[in-house]
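Look at the two complexes coming up: subunit A is in both, with subunit B in one and subunit C in the other.
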Partner chain A sequence: MVFRFPVKIALPKHAYLNGRVIKDHFKRTQVAEHEVTRNALKYIARNTELPARARVEAQLQLTSMPNYTRPTQIVDRCIASGNARSVVSDFKLNRTAFRNRARLGQIPGVKKASW
Partner chain B sequence: MLARGSKSIRILGFRWNSTSNASAKYLSPAELIEKKKADALAEQEYKQDLLSEKFTYSPQILSKEAIDPVSKRPIPLNVELLKYKAIKLPKTHGHKVASITFKGFDPKELDHAAEFAARAAFYLGIPCGEPSPQRVQEKLITVIRSPFAQAKSKENFKKYTYGRNIVAYDANPEVVDTWLSFINKHKFDDIKYKAFVYTRESGDFVKELDALTAGDLELPDSYAGAADPVSQKVAELLKSEEFKKFFDEEQPEQAPKSEKSA
Partner chain C sequence: MSSILRKLPSKERLLQVKKLSAEIFGANWNPEGKRNGSKILRAPLKGPELKNYYGDNNATPTFKDFKAWFPELRLVDPKEVYRLKMVDDRKKRNKGAPKKKKQ
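Entry: the complex of A and B
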């Protein structure tokens, strides 16, 4: 079987795995790898003291980089269910996974609120 | 209440009678001097009695066994002291030198960590204050109980973050470093530590700064190899063939321009 992603990656450990989770994980590794290059190209493209053609070249290189190197492509996903909706960012958990655990007292520092 | 009050007054009166003349409510200067002399003599006698008498050292301690049943050795004093509140050293000047804040979800564990720091400070000879509790940070998290049609029914949770703070005074920066690194070595996994270190400079510190040259400024060793990777990459990119040509183009363009203006 052909490997689905253009670059080989290690699968995430200690997290729920499905296709979408692996896809997001792949993007995360690639964004981390290309972060320095992207920021350097952005710096060149936005530096008005550099020659205009060099800046255009940097902008072209930026746009020609694959989509999966963009930080905006990363989505927060629940590590227990893989869901991307209503993720409580403090705990990386979806609302359902969070509620179940919080009710059982499995999340440190979290209690049922009453006022 | 009344009866008790009258009784105590009577007792007070009795004592007065026994110690001094009943008639003299106030002592005359000569009498006062005599009384003071007598008191001093009595005090001296008492002290001499204390010194002449041989007494055995028997401190009151909390641990029941004097000899540890496991190691079969006497329990060391510093181990015994763990059962007591951390000893505080008196401040010499009261200059704040460092402060550590502990943040975590378990107040008991926080107390443990803060007390550990206080004890370490005592053994290093750092005067430090008692661990003081900080305001509890509350964060409200509201989730829906059920999706879509019943989404109006919500459940509220709160995340409580507790804090402790400890302040150290009047210690050398080296001692403070030792203290902080010792605490860092034995840190708790679930606690977030944050240390502030304060230094004092002389009045003409600004002049000293002005007199400094670039050669005098040296970053600490911990900054070694911490050059900005982005700036390194920018330099590398600009030296590459793809970008070099744009710089080569620009120079001949600039040259005729300058000729024209001249």
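Entry: the complex of A and C
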């Protein structure tokens, strides 16, 4: 079978897996890999003390990089259900996954409020 | 009569002190507030944290790993058995995955 993404990556073992989670994981690995390059280009593009030509060139190179190297493409997904909506970022869990676990007492220090 | 308070140092002198302090503590010296992009280089890298969002694969072995390491034990994952049983049941009711298209 052909690997779906342009770069071969190791799939996460300890999280719920579906196509969207794998896609997001792929983007995360690529963003991590290209972060230094992007930062360097961004530095050149944003530095007003450098010649305008160099700055424009750096900006063009930045825009010509693939979308999956951009950190804004990353979405936090639930590690238990793969859902991207209403993810409690402190626990990396969707609201339902979080609620079920909290009710069963599986999340240390979390309990239902009552007063 | 002169005051006991000494006069404040001049503006240039204060700037010199600030510059020296920036050099000593490795801070960025940019009194005119020019946009030189140094904040991009100064920020810590986010990559490693982003990459490990779905967990570190080497943190703990999984059931599959144990199965591969000790084939003589013939370990059976009850969750996987249940899943395969459900797939089989669905197939019996003609609710399985569609067949692959033939080229």
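Note that in this section the second predicted complex is superposed on the first by the 115 of 115 C-alpha atoms of A that agree within 3 Å, B and C clash if a C-alpha of one lies under 4 Å from a C-alpha of the other, contacts with A are read in each partner's own complex, and residues count from 1 in each chain.
By our rule, contacts are C-beta pairs under 8 Å (C-beta built on N, C-alpha and C of every residue); 3 or more make two chains touch, one makes a residue touch a chain.
Just so it is clear, the structure is predicted and the values come from calculations on it, not from any experiment.
Asks: A:86 in the overlay: touching subunit B, subunit C, both, or neither? Say first, second, both or neither.
Replies: first
Asks: Tell me which partner A:15 touches in the superposition: subunit B (first), subunit C (second), both or neither.
Replies: second
Asks: Name the contact category of A:31: first (subunit B only), second (subunit C only), both, or neither.
Replies: Touch partner of A:31: subunit C, not subunit B.
Asks: Quick one: classify A:51 as touching subunit B (first), subunit C (second), both or neither.
Replies: first
Asks: Have a look at where A:39 lands relative to subunit B and subunit C in the superposition and call it first, second, both or neither.
Replies: After superposing on A, A:39 lies in contact with both subunit B and subunit C.
Asks: Contact-wise, after the overlay, does A:78 reach subunit B, subunit C, both or neither (first, second, both, neither)?
Replies: neither
Asks: I'd like to know which partner A:97 touches here: subunit B for first, subunit C for second, both or neither.
Replies: neither
Asks: Starting from the residues of subunit A touching subunit B, keep only those that also touch subunit C in the other complex, and list them.
Replies: 36, 39, 43-44
Asks: In their shared complex, at which residues does subunit B touch subunit A?
Replies: My answer: residues 105-106, 139-141, 143-145, 155-161, 190, 229-230, 233-234, 236-238, 242-243, 246-247, 249-250.
Asks: For subunit A, which residues count as touching subunit B in their complex?
Replies: Going by the criterion above, the answer is residues 36-37, 39-41, 43-44, 50-51, 53-54, 57-58, 61, 86, 88, 90, 95-96, 98-99, 102, 108-114.
Asks: Within their complex, state which residues of subunit A touch subunit C.
Replies: Spelled out, the residues of subunit A in touch with subunit C are 10, 12-15, 21, 25, 28-29, 31-33, 35-36, 39, 42-49, 71, 74, 76, 79, 92.
Asks: Hey, which residues of subunit C end up touching subunit A in the complex?
Replies: 34-38, 40-41, 45-48, 50-51, 53-57, 59-60, 62, 64
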